[in-house]
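One structure is given below, represented as structure tokens, and several questions about it will come after.
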Amino acid sequence: MVDWLDIGVIAVLNGLAIGLLLFVVAVGLSLVFGMMDVLNLAHGALFLTGAYVAWSVAGERPTWTGWLVALAVAAVSGALAGGGLSLLTGPLARRSHLAQALLTLGVALVVAQLLSAAFGDDVRGVNPPPGLTGTVAVAGNAYPTYRLALIGLGAGLALATYLVIERTSIGALVRATVADREMVAAVGVDARLIRVGVFAVGSALATTAGVLGSPIYNARPGLDSTILILALVVVVIGGLGSVRGALVAALLIGQIESTGRALLSDLASFLLFGALAIVLALRPRGLFASTIGGRP
Amino acid sequence: MSDVLRCVGVRRAFGALHAVDGVDLAVAQGARHALIGPNGAGKSTLLRLIAGGMRFTGGRIWFDGRDVTGTPEARRAQLGIGQTFQHSSLFRTLTAADNVALAVQRRRGRSWLPVPHRPAWAARVDEMLTLVGIEDRAHHLVETLSYAECRQLEVAVALAAEPRVLLLDEPAAGMSAASTAHLLDLLRGLPADITLIFVEHDLDLVFGLATDVTVLHLGRVLMSGTPADVQASAEVQRAYLGTGRRGDLFGTERTTGGEHVASST
Amino acid sequence: MKRAWDLWLERSGNKLGDYTVTTITADEGETPQTGVPAVQKLLQSDQVDVLVGIVNSSTALGVKNVVNEAKKLLLIANAGANDITGAARSPYIWRTSFSNSQVSAAMGKHLTGSGKTAYAIAPDYAAGTEAIAGFSNAFKAGGGTVLGESKPAFGKTQDYQPLLSRIQASGAQVTFSFFAGAEAVAFVKQYAQFGLSSRIPLYGSAVGVQTTLHYSTELDNPANKEFRSAYQAKYNAAPTVYAVQTWDAANVLSRALRTASGLQGEALAAALGTIGTIDDSPRGAWSFDGQSPKQTFYLRRVEKRGSAFVNVVVKDLGMSTQPS
Amino acid sequence: MSVAMPGKDRSTPTVGPPVAVPYRPTHARLGWRAGVVAAAGVVALAAAPFFLAPYATTTLTRMLVFALLAASLDLLVGIAGLPSLGHAAYFGVGAYAAGWVAAHGTPAAPVPLLIAAAAGALMAAAAGWVAVRSSGVFFLMLTLALAEVIQQLAESWEPVTGGSNGMYGIPAVTAAGEALTNVAYLHWYVLLWFLVGLLVLWSLSASPFGATLRGIRDNEPRMRAIGFPPFRYKLAAFVAAGAVAGLAGGLLAAQQRLVTPADLGFTTSALALLAVVIGGSGTIWGPCLGAALVILVRDSLAPSLGGRGPLVLGLVFIVVVYALPRGIAGLRRSRRERQPLSKAGERDE
């Protein structure tokens, strides 16, 4: 008979790895939305760009330096893309969410097509850096060492982001802008600077996560929309603009994606969206909904 | 005269702040009941509690003998509680006539057929606009109306829903003396069967219209009574001005005796 | 697919039977939403006589009505859904490729010889269900026991860890899997990452593992050698199983046209019924059983030859027809 | 009840007694010019099969089906101000229902369509009851989530929906006993029900119900103060839009005789949304033009670009959002609104 405990430990561990990765992706999306009411559907394409960067820079047999270069290149290209996106969505500030959603969806389609033109349509496998390719015995089952490293790295990134946002003065400025843009502008802070900055950092996090996630997900067309859907679910459940919400929601979705699929495999496909529908039905503004300056 | 509206121990707290702290209020049918008091006394909050725009944290409210404490705002409006807003809230991209038509439509039946012209409604709309004196601006977009005209339109929209109680939140705010006088005539001209409850700082309007006055201070009822009692009460002045001199508050030297009539709850 | 078709026409002087051929191609796209209109265009505006191709199973099933009403022959060169020539059979739709359960049944038959227990896994969509059904029936018929089946969500699963631990926990000695494209790569890679490949051998029709299919570039029969060298010369790439299936479609069509009384659907269908065994096909001799091929399946193992992966033929698993 | 008003002092001197112009709601007035254009459009569509090639007629029919879906979405997005990113779910549910009834019940003409509309309405009622509580982006996300759940249902409920292969081999609709397989008959059948659906949508939008929806869209607190319960009206709009989308789904089943989970999917919803934005939201007829354009891009342009269809669509998305903020219909309307308003006169259509 299937040994539940055995599956449980591995699944929970795996859920942690996936959850932390999702947090790194989702936190940028959540802040961008919380601050500027911009629903950035191109966020998934940024993740995919990161994965392709990892494949092209690190390649099939990456070395440590190859990996670090890949991470750097991804972060820089993410920041640039973020800046570009914030300029693109600038004039739409007054328009409805629909206009922004359609615009960013257009950008996502274009980026995905350019990537598939550049890298072709078949799967580009990326291998973890040397030393992390093997497996480690955990509770009697083999578990890839790379995912353990990912948990460590993901936790580090999550903690760093959390501290920057919650503890530093820059973080306070970001949270203030999320709460009430007009007031921050009235105080004399150049809101445009903040907005480009957050867009750039959020996008850089997404591309970096793309590199980190590539050994698991591999770079392939269609990955962008899968990741986008997951990130959107995390952001909405966590409450828009709330970092704490994104962290909790990401871990929750991580568990649903791993433990949920393992235990209830035939319901697996309903779990994700079922959870979203239930959460939104109960708390229409997400779990940690920060009151966003009374905007509708 | 039966009370058309009664509040008992109405309470509303925002965390530690008790905006409305145990208010008892009785409004007679057909009364012109004014709610006055310094800023932050909880006047507007009380009005919104009566209209249903805000949930109670305590106490009960009866309308026409029915307990409407839990009834949602839209249902209370259907029962006959009309309201105008402090910051005028109209449909700016529609014409004045369209704004009133929405209220008329809610009252006179909601059909699904696209019959463009409804004589019965049209007459009602014109009547309302004429009543408030902006019938020649019927087809102008609300954006093009002056501030005073917007206030008049607010009243027209509220009246079009044929309310039995009309709540007015500072109707004369930001109006010129002439417009205020005009508004006073308008409100005086309203039929007797409509009860008015209004919050207002312009004391000329208050004492020119009110049949009863309730003074609120720091979320509690300081005093309820006829306009004369309120003017005479030193306590009210202290709440407003912090000093005992009666003259500067009410402008003209009242002939009523100087004795202090205190009847606080 | 188009490459093989052009290659055949080039070698036969642009003739099928004794008809000169004008080929009109339409892009089927990924989903039936673009596939069905494309077929409608070919039939209604281009007024073609014969349709060849279609990769996507749901598009193939979707055009059944249109093809029936137009009374034109449709030769399917890939779509593997059983119903195409099974439950939803139409006299005008013949197939030169395979049916999903036929492929996996061959694997089921092969593994039963070893009397092992197995765990079957395939994505949760029509082809996946049919593949598992084909494998399990054949495997149980041969005395094997299937300890468990699981179907991860199609197109939405990237991380197979939950399923891999189920396989490990089930204690099966063999895993049968049916994946295609990106999912195959991800599954096989994670299967190895989780250290299962050493303990539980993986069989199935996925890349990089022991698989069963009705073709391999390494098949040593004269027809295949000639086909492969001609294809390599013209396109500088090894032919895929799609190419072989389209090549055979042209071959079958030209044989049928020699004996058919006309170009209408009924005449061609009747002719197809009478062409008997196709002995000069790169996949080895095969013939129509009903409207789907009865053909030999081969057990293959992936080995690295220089820079490319190649499916070395391990064993000939004999002829098998489309399971009911 | 009229009251004598004491003298009015207002800054604008009025010439003679003010003319009390009888009130007529602005948005419901259909000038005769618009009526003529509409009639001409219908005649052209009806005559299409005579001078268009068969495949072009089929494409036109497909445009009509998609246009009805886009128009029903516009009732939600344009009139009620509810941005739904999952409207294709009710379109698909209607199509599956019509297909199932045609196969197991009776393919006789109106039955599958009415069942489709009912199925669409029912599903919209269930989903709407949950979705309509939230607003703005949360509503957007909730409709997306509900649509994905419905699509997953279609994919895994194999015995009824045919799973991922979709429901194929739907028998042709029969009108008076005769199967409508001829391209022209099918076109007229779809055109007839397209007009019925459009009429329903237009009448809803032009009726007081539509005015209420617009009121709730523009200023919900004020509508609540007047006495309109917003939840009930939004839900009614959601169900009405779901019903017409279901009807459009029924037409899809009749025309394409194949329904796949992709018809319920995110892509279809996004394309319908694009059609609404291109066409100009809030006009019901605008999105129909938008839908025609979207189908043109997807079905005829995309294949000829060698599989780079999505790139074209992506660029169209971006261009439309910037170039046509209020869509094609918006171009016409903004010209009209810039006219100076005559003092007390009628605003001409």
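Here the chain labels run A, B, C and D in written order, and each chain numbers its own residues starting at 1.
By our rule, a residue touches a chain if its C-beta (ideal position, glycine included) is under 8 Å from a C-beta of that chain, and two chains touch if they have at least 3 such contacts.
Computed from a predicted structure; not experimentally measured.
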item	value
Shortest chain-hopping distance from chain A out to chain C	1
Identifier of the chain whose CA centre is least distant from the whole-structure CA centre	D
Selected pair, greater C-beta contact count between B-D and C-D	B-D
Whole-Å gap between the CA centroids of chain B and chain C	78
Rounded Å distance between chain B and chain D, as computed from the means of their C-alpha atoms	42
Separation of mean Cα positions, chain B and chain A [Å, integer]	51
Chain C: positions in contact with at least two other chains	124, 153
Set of chain A residues in contact with two or more other chains	269
Where chain D touches two or more other chains, by residue	152, 155-156
Touch-based graph of the chains, sorted into line, ring, star, complete or other	other
Interchain pairs in contact, sorted by label	A-C, A-D, B-D, C-D
Touching residues (chain side chain D, partner chain C) in the complex	53-56, 58-59, 62, 152, 155-156, 158, 162-166, 168-170, 172, 181, 183, 256-258, 260, 262-263, 268, 298-299, 302-303, 306-307, 309
Chain D-facing residues of chain B, complex	51, 53, 72-75, 77-78, 82-83, 85, 89-95, 97-98, 100-103, 105-107, 110-117, 121-122, 125-127, 129-131, 133, 135-136, 138-141, 144, 146, 157-158, 161, 178, 182, 185-186, 189-191
Interfacial residue positions of chain C with respect to chain D in the complex	26-27, 29, 31-34, 36-38, 40-41, 44-45, 57-58, 61-66, 69, 81, 83, 88, 124-126, 129, 153-154
Residues of chain D touching chain A in the complex	77, 83, 85, 130, 133-138, 140-142, 144-146, 148-149, 152-153, 155-156, 266, 270, 273-274, 277, 308, 310-311, 313-318, 320-322, 325
In the complex with chain B, residue positions of chain D that touch it	1-6, 8-11, 14, 18-26, 28-30, 202-212, 215, 218-219, 221-230, 341, 344-347
